[in-house]
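Sharing a structure here in structure tokens format.
Letters A, B, C and D name the chains as they come in the text, with residue numbers starting at 1 for each one.
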Amino acid sequence: MATHRFRPTRYFNTIGTAEPCLRLADGDTLITDTIDASGLDAHEVAVASRPNPMTGPFFIEGAEPGDTLAVRIERLTPSRATGWTYSPLAPTVLDPPAFAAQPARERHVWEIDSPAGVVRLQQPAPGLEGFAPAIEPMIGCFGVAPAGGQALSTATSAQNGGNMDYRLFAPGTTAWFPVSVPGALFYLGDGHACQGDGEIVGTGIETSFEMQVSFQVLKRTIAWPRGETAEDIFTVGNARPLDQALQHATTEMVRWLGEDYGLDARSASHLLGQVVRYDVGNVFNPAFTVACRVAKKWLTKG
Amino acid sequence: MATHRFRPTRYFNTIGTAEPCLRLADGDTLITDTIDASGLDAHEVAVASRPNPMTGPFFIEGAEPGDTLAVRIERLTPSRATGWTYSPLAPTVLDPPAFAAQPARERHVWEIDSPAGVVRLQQPAPGLEGFAPAIEPMIGCFGVAPAGGQALSTATSAQNGGNMDYRLFAPGTTAWFPVSVPGALFYLGDGHACQGDGEIVGTGIETSFEMQVSFQVLKRTIAWPRGETAEDIFTVGNARPLDQALQHATTEMVRWLGEDYGLDARSASHLLGQVVRYDVGNVFNPAFTVACRVAKKWLTKG
Amino acid sequence: MATHRFRPTRYFNTIGTAEPCLRLADGDTLITDTIDASGLDAHEVAVASRPNPMTGPFFIEGAEPGDTLAVRIERLTPSRATGWTYSPLAPTVLDPPAFAAQPARERHVWEIDSPAGVVRLQQPAPGLEGFAPAIEPMIGCFGVAPAGGQALSTATSAQNGGNMDYRLFAPGTTAWFPVSVPGALFYLGDGHACQGDGEIVGTGIETSFEMQVSFQVLKRTIAWPRGETAEDIFTVGNARPLDQALQHATTEMVRWLGEDYGLDARSASHLLGQVVRYDVGNVFNPAFTVACRVAKKWLTKG
Amino acid sequence: MATHRFRPTRYFNTIGTAEPCLRLADGDTLITDTIDASGLDAHEVAVASRPNPMTGPFFIEGAEPGDTLAVRIERLTPSRATGWTYSPLAPTVLDPPAFAAQPARERHVWEIDSPAGVVRLQQPAPGLEGFAPAIEPMIGCFGVAPAGGQALSTATSAQNGGNMDYRLFAPGTTAWFPVSVPGALFYLGDGHACQGDGEIVGTGIETSFEMQVSFQVLKRTIAWPRGETAEDIFTVGNARPLDQALQHATTEMVRWLGEDYGLDARSASHLLGQVVRYDVGNVFNPAFTVACRVAKKWLTKG
């Protein structure tokens, strides 16, 4: 149950099977640095290239193909005082004529006011003079090596995780990933200081972080990423269109309700029919992300 | 500002331009009865046919094409002690092989325990012995006459509203609809005692209701339904796939933020990028429904 | 087996259950006039409004709900010497940034040179100086009253036909429609002198026509439009996205192969797997159209 | 302009940046062996694993990032006398209830009768006693290393090609791929003796081949695969849903018409609006494939 402090010197734009940068035991904790989506580090120095350069991969001892890697997100601390976003809205979220009428894409800087716990646009925007939403840090892109020797761009996501940009991948959440190679090969990066549903400007507030996570190897098999917060369990589907992402997430939730909570197909439908919540992680990346979420208050371990 | 108590004797399976059943003044309140999605009334007598037989249409004096009809949902009281759902999950929410493995469709009865404020399955289901979510009544299908002389099935939805099955169409919400004909011609029905996101078993808990709503004619033009709750404003898009419904809703929200809150395209993107929420109204009907929602605490009337 | 010459004086922008303009017997032939998509008649006089004003409805005696109306397209003769199109390409067929970079929408006039059998742009376009594709007339929008008392905009299409904009609805083709009301109530219009796959500029070459069709009532039930040409049989699905339209069309073809050609699910899959052709009718209208087509040379009446 | 005869001894299930198996000069011809989608060679011996094991990669001298690799398909000769397919139809092409009613998936063997030039089911299927479509060989999966260090499963396709399963990738066609790494790194395999549109049983008639192709490096940049046959030029988009694949293909065609044929946005729309053809390559794989095709008779080199 050691804690490792790792300082990366190289970064990856694919999640694949690169040589591990560090080996950790099952149960260990990792504290490491991540750089922002465009490769800027804590000093705003460009140390890597787009898209979403990853820290890693980390080899988790004992993780074998068919297992599940549970990653508890313990702490996400921005490592500089600014982040950036794009404007205007992405083409995926507007009717085409409305998109065609938007102004050109620009990059905007936000102040990350950690003492006050809020973010603020550096240049005031009309009508948003007092706009200062809370810092709600999250991991945009993380996951494990995919199956079959693939190396997938960190622009996208799949069954192994990746660029899901889902705001509940936040401190206190434990994320589960399906392991396809020995050691799992875990990558992480692309932290956001804040982000609404859907990552609809194509970014959260992109910045560098010090991230602390801990690992646990579960001897069970899953098909898509899962997660647990203080209040909810959720499953994640990554695909286009949103419909298909939602199908993957719901199918995975039905499996989970059967495995751990003793619900057959009908019982699962009764439960989900009345209390399910769907979240749109991202509707911007090559694969969109939908989460299927259920409050734990409705569930009893079967 | 009169209150009208209307008892329907005929019902409609399309939202179109039928002869009005009642004329109300701008500002009036309506108390009326609705029957369930299959045509059962408060006595569980079949008085109309599927799908979603509507009470109405109500002619609202002063409503002209190009106006907006604001409908405040004041009270939704179930008028019988049971409702029903389908199981298992709908084909639209499962991966095809998972859907193919589901059991056959069945109808299930729920008790609506109004004193306790909860619903319960009449026949216990394995693993759900104590499952009793709160009664959270909502209107599944309501809206106004569509443009161009159309008459649209109450199975589906469009710019004029219809079968959106969105759980925030609930008491305390004011819904806005774009008026296309003199008097607007408002229809309502298909009440649910409870429903999760997406209406993923193909129903909420379907039952008959006494519904109380009040009307206000706004001399402004909208393109898609809008709504306001105590905490949020939201816009609604109805289409397939979910992506397109989301595009309609987001585009309508951008218009609203410009019209009422002084936000240009960039400011709207800054706001929505950090705080937008997307809700899946339904992912079952011929048109899917997505709502784009923003907390009012972020907004200042422009 | 009479031939009727009908001159319309009113037109419809929905396909619904309007009062019939003419009653014909099973087996009769109809010669009538249609106006263009914007309401211009043979003299380029605006006699009706958009979208796609229809001639009809025609009551076919003996057609009952559950039957099929077979409509043989015998002749489509342009009734004026010009037609029009839009440019540039529609937003539905371009990547969003490419659409945003297109010039503004314009209307362009084409000469319909019937003696030469070709169409030509009236104003030459750069690089298209000699471009003169053959006149290949087709019906853009036709169909029968939909089920359940609906009246559907002639901008869209559904199980009852409508604005499918499929270029094989051409002389020599027999189209089948599912009958939902007594007399079927057949509407037609929106003729095109020429059109590629997908109607990707949002129009064919829109012009007025004299159309000749003959009717036959079939005592059999279908779910989606079907058609037969000299060489092929085809089925038509109308929905968004294209995937769903293709699913409707393929499902209907599997039914047809079972009903008439003795092919079970496996045999149908063997046949279609090797010889099926898919055509994109339109990828522009609210509902997209995909046809599933099989050459008759592969088929033996079962 | 040498001709190389290469006999593979290892195969790849991703298209990435593996060590080249052979280096060829610009202009050279390659004759090589490919095994079937499940890894069976000319002797029906399993020599590799699913999905779609590839022969290659071939390093083409002179090919640099930003170039285009033109691959002329000169000859595709089945190297054994049988192939196989699946039945019934895939879930992606049927309405969900129709898919749920299909029989279980089976593997079926076809005789490849090269002297007669036809394929035939080994076990007759009801109603298909005389069914013997022509051998029309095609390449299911081929392409070059993708950008950014990715390694993509041969189950899917992307801008670099891959598992497109488009029946016009046949003898006489020249396919163009965008080069992302020095030497292009070309892979090929997954030959089909025959296949309809869409690969709707999830396979063509899968068999091993001797394939002959020749290479040419073009100093021009493309974004998506392109092709040329005796009669047509075409562009290929790979994505889900079909709508997005069609958008990629059409956008690439508009670029091509501008680059080589002097057509601006309006002229391209006039041409495509009247004569474009869309083909569904596959509607089965993780990415669907749509081709946008134009007959060369309409084109004049600009």
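Throughout what follows, a contact is a pair of C-beta atoms (placed from the backbone, for glycine too) under 8 Å apart; a residue touches a chain by one contact, two chains touch by 3 or more.
Computed from a prediction, not measured in an experiment: that's the story for all the values here.
Put simply, the chain farthest from subunit D by mean CA position is B.
Between the chain pairs A-D and A-C, more C-beta pairs are in contact across A-D.
If you average the CA atoms of subunit C and of subunit D, the two centres end up 33 Å from each other. Rounded to a whole number, the gap between the C-alpha centres of subunit A and subunit C is 47 angstrom. Once the centre of each chain is set as its mean CA position, subunit A and subunit D turn out to be 34 Å apart. Touching two or more other chains at once are residues 92, 102, 240-241 of subunit C.
Arrangement of the chains shown, judged by which pairs touch: all-to-all, with no pair of chains left without contact.
Residue ranges on subunit A touching subunit C, taken from their complex, read 91-92, 96-97, 99-100, 102, 241.
On subunit C, the positions that touch subunit B within their shared complex are 13-14, 16, 148-153, 239-241, 244.
Remark: subunit A residues 85, 87-89, 92-95, 98, 101-103, 106, 108, 119, 121, 125-128, 130-131, 133, 194-201, 203-205, 240-243, 246-248, 250-251, 254, 261-280, 283, 288, 298, 300, 302 touch subunit B in the complex.
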